[in-house]
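In what follows, subunit A forms one complex with subunit B and a second complex with subunit C.
Take a look at the complex of A and B:
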């Protein structure tokens, strides 16, 4: 197959047709930041942190899905790109708890994002949900990357236990009529926990240990819970 | 809850349930009509009957404003809170209704009769302030007559149609839909007859030669779109009519559908013949129940008379269509979000490419056109591209419908040839600014538009001239604001609208519309913080540059244009600087 030639940040790159700008940049040794992107999930281009400037394009291009084409001239750190990335990060940190998202906190530093940029901003702070023995859901930390919904659906498990509630800023991940997990189709495969980038989904044990509960106490209490169930 | 009787639901869904997920929106509408809202057991039963995962059913209910998970009053009273209605005193209606019933917004009245809501633009701007009581639209509503209009009594809006050249609107303004016979008398379906005498390629050539471009806002050449779908591989192909008119200040498609529904059908039939489609959809916004009914009647008339169905007019061409009602989501006017809604999903816009012409509804080649665009097509086929081009400018041929409202003497739909000036439209035809006041500005193109200044009145209304003047034609909104209007309030309203309507998929828009609204709320209160102008600018440009779809990309358009014209609006008010009137 004929390769596609393009220029990324002044570096000539040749890639197979169909290669995304994210991968093409990678080949040139240029790292583009991403939040929602995951190798195992369908790319949805929704965090927009990976946007790059392609010459003659009206708007910025999401590198995770935009494909390289012949003669493209791409800038991954132009002024427009930097402003968008910085502002997205500033708005995100003003909305959710990123304390357990080291990667995103690193991006905040890289882009000199001011975590106090939006005084008085509404935050998403729903209470933590501890409704099953396997994992807890702390959606105050959720950045709505969609990965959990995708792996629960046709990206992996076909369980369809979770979807979205609300709309716009008030979107959250939820179950059918907010039912507790054991009353849904959840099979507790744990894939959603595995792909969560922010600690919003966390093994229940990890969460209990973090709170200083001793391992033997955890064992004891889960035995009690099982007995009660019988 | 367990005593709920599903008999009526089973009957209602019997016919559509086999369509599975794509019947989800119609099924939820039907269920809600029976039970008043969508309680958990009903939602579960709908999911079971259609084979849709329950979490997804819930996700869909939650996405659309007109579906309710919690009980509501027998009648939901939707009071418009946007633009033209806000200027005409919409807030006073909300206060009057809430006081009269002794409820807060969203609460059920003590007798169970009512729930009051503040809703986005209802597309009744020429009759502002407007309300919907259940499905009944009322205009020029007076807060003092609250008892009457809450019971559905008052002025029923009829289309106010004006203009110098009536091509698309010849049958509009009678206060009722043109019947099939009336449409035929006015030359209706002659365009279809001529199209059927040509090859599909010749039909596409005629539309290309006419220079028709889309009227939904993006101004894409219609013939090119059709050609793309005609040549695309994949069967079946679809024609979709985008009748989800929801841009604040826009009401032209409502008028075309309610007054001359057959013209829409004829446009779709010609498009279908040109691209080789047998099946079409018309997606009408949920608030336009009366327009939906007009189209529904026209569809059955057309079926009975051989204009829809098998072997149309004795030819080998067959085509039929399904109607879909939206359920309260501006984003569904975005073409790919509209496909998702027809497919029974949350109205999240898709990533483009692929474009609808190759991968549209159900992943198949699709032509999706706005109502007004389709209404241009019969004339082009009947009279030919050359006749079509006799009006308008070479680059903007034909006529355009403008939705004139706000502080103007004669609000209404105006059909004029492209190329007349804003001044001619506003002062020559629409009677100028109301009450002899001076023009402050015109919000051009709707909430997603930009402000025009009084010194731009002589700009000709063409795509090319407006582009040069930095004004988007958009969906043809001309929202007039007189000298007394507080632009900060107008902007806060625009920002609230986008925050309410963002789908929440991409970060720039999901977060940016919320932050933009918060900042503009304090600007409107006269309490901006130092640095707010910079915040607005960064948020605005980030949404414009980095959002996934057209909604986010234009959610800051009006704000950025206001910042350019009136930078001091966004700074703390200094007493005595002449700005304290704001």
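Take a look at the complex of A and C:
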């Protein structure tokens, strides 16, 4: 198959047809920041942090899904790109608890994002959900990257226990009819915990340990203490 | 937000898939488990046990000090002691000297046949190699076995007979390359969850057709092109009928049959009577489904078969596995990528424990003990005088217990197994164990078997030691020490070396079999010098990535799939088959068939998972009953029921569900308080000696809720 030739930040690159701009840039040694993108998940261009400017395109292109084509001239750090990324980060930090997202906190610094740009913004602060023995869900930390939904669905597990619920600002990851996790199709494989980038999903024992509860107490707090018939 | 002190790469200790893990530790506490996305085995995926099931390490009931029973135990009057009050905390010296004294005393008095050992499919290769070495080289006995006898012995014997090798022929991840595959006798979703993910992806993303042949309507049926709801124990009829169709319709791979097999003509004659109609009469499977399945598999470009205990755990286990193997020999669906014969091994290291000689008929590397050349080989490796090793085959797991009597087996050493949960007909097992003169348990918890012991040796968990596991697709992988052994517990290999030296001193042998290993890598070095299939397996290579055996030398890359040019025995061998029904058929008194198995959240006898939060997720046993049977018996979903067989009875909750077929009751065997194996039958396959766990006759009656061993409110679960 003939390769596709393009120029990214002045660097000529040749890639296989079908290669995303994210991967093409990687081949040229250029790193594009991402939040929702994960190697093991289907890319959905949700967070838009990876946008790049393609000459003659009307809108910015999400690099995680936009494919390289012949003759493209791409700018990954143009003023327009930087402004767009900064705004995304400023909106995120105004509404979401990013305290356990070291990567995103790093981006905030890189892009000199102003955490006070939207001072009156409504914060997303739903209560923490502790409804099963394996993991807790703290959606105040959720940036809606969709990775957990993807791995629960056909990226890995084919379980379909969680999905988006609500619209717009009220969008949240949830179970059908907001059932507690054990009553859903969840098999507690924890793939969702494994791909969560913000600490919104966390092993319950890690959460308990953070609160100063000792390992011995964590394991004893289960119902194992009950009388065992022999 | 916690920062890990260290992140340790290792391998999961639960099932045979061998998922790669990263343990995140803070102050020796595993607070998070992740999986590397680049791993060929699990690609970042884990199941509930692999992700969350390690808290048993920290459980307060874990024994971390050597123990001796306060009340001396005598043969015939042996009792169970679960309470630490009944034990004396002792030093390692006292515990090991006691074991050495008693074992040597029994050996001197009654000879090598009086000793027996259960190796452990959960322990590392190095642990098992040394344990069988201790009993073979020091006590000169081949009474060495482990739970492979209870899971895939039928498959192993059949595969050895038909092709000469008993492991999975292909890599699990190759399932996406098949265009048609059969899953039979395996609830892969719950028992090999990560392989099930690959099977679902094969269907959903790669267009493969899956055929499920199983008495239960498994979750995999949601993805299957065909489901053949077979009566338990009628495999020979159904698979032979498929062979009948393949032969009659000219769908055989003639070139393959001519060039790579033998015994076809006689076999084909024995298949004459297995018409689909005949098989339908026996198995209850619609003849058209049998014909469709035969055509679908035979006409595939790359057909593969995956099977589990539903094939092997029968008194016709060997014949059942042969019937499965014949399909591959007829169609040539073996020896290429995406084809193959794949018995899914249950335990994390059951393949390795077998490779390491944890079996009564074989030295490490499947070298038969009754071949003098093999005995001579191992006499050289272990510094045993010429003619010193025992050339007679030893007793199998079930035979060891059945032979506990004066003049027979007097002592048993159990490393990590729990026969009081896993053997069939537990009431009888209990009587046998009570007759032992001396019993040693080496484990983490006082389980149902260890409670009978005289001496308890506290072993380190898998996270507290170095070693290797060999997974179901023959991949040898490194297990790494992530934290210090809790309390005084020690890695199994260290315990064995320490004990072996004490035994050797008492026996006064002139040569030492050698026990001075400083690290498990030195044990593996001894294995690779002596076992050709492991010749190229070294820790230095394994640190980079796993290696699939056989690995013939240090530069050999390993073997992803077997038999591309020939079979180890030369030609694949067809064996004529007859259908023989299960030992105990349902009748008026016991009208239902019980079949046993496992659930996602638990592991076998429960020593690990029932000391974990996993038990909170799945706290009690359920008997799955089909709505048709439930209506006839007047049983409602969630109701307490008494399940009785000719051997015992248990009380548990009924789960009325179409996941089982009419006439078939399913009960998992993890739960001591409603132990399914009190009901099961100890009939054995004549060749493989595997018990018939998958079919016995039972009756069911409503019981009072007060009789339920688990009184707490039922945990509602929505998973399949």
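Throughout what follows, the second predicted complex is superposed on the first by the 222 of 230 C-alpha atoms of A that agree within 3 Å, B and C clash if a C-alpha of one lies under 4 Å from a C-alpha of the other, contacts with A are read in each partner's own complex, and residues count from 1 in each chain.
Here is the rule we go by: a residue touches a chain if its C-beta (ideal position, glycine included) is under 8 Å from a C-beta of that chain, and two chains touch if they have at least 3 such contacts.
Only a predicted model underlies this, so the values are computations on that prediction, with no experimental measurement involved.
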{"item": "Touched partner set for A:83, first subunit B, second subunit C, both or neither", "value": "first"}
{"item": "Touched partner set for A:210, first subunit B, second subunit C, both or neither", "value": "second"}
{"item": "Subunit B versus subunit C as contact partner of A:193, first or second or both or neither", "value": "second"}
{"item": "First (subunit B), second (subunit C), both or neither touched by A:163", "value": "first"}
{"item": "Partner chain in contact with A:185 - subunit B first, subunit C second, else both or neither", "value": "both"}
{"item": "Which superposed partner A:119 touches (first subunit B, second subunit C, both, neither)", "value": "first"}
{"item": "Contact residues of subunit A, present in both the subunit B and the subunit C interface", "value": "184-185"}
{"item": "Contact set on subunit A toward subunit C in their complex", "value": "39-40, 99-100, 132-135, 151, 154, 156-159, 179, 182-191, 193-195, 199, 202-206, 209-210, 215-216, 218-220, 222-224, 226, 228-230"}
{"item": "Partner subunit A, residues of subunit B touching it in the complex", "value": "40, 43-44, 53-59, 62-63, 69, 329, 346, 351, 499-508, 510-515, 518, 522, 529, 535, 538-539, 541-542, 544-548, 553"}
{"item": "Subunit A-touching residues of subunit C, taken from the complex the two chains share", "value": "1-2, 26, 29, 31-35, 37, 43-48, 51-52, 55-56, 58-61, 80, 82, 193, 197, 200-201, 204-205, 223, 448, 600-601, 610-617, 619, 672-673, 709, 712, 715-720"}
{"item": "Residues of subunit A touching subunit B in the complex", "value": "35, 44-49, 51, 59-60, 62, 65, 80, 83-84, 86-88, 90-92, 94-95, 117-122, 144, 153, 160-171, 174-177, 184-185"}
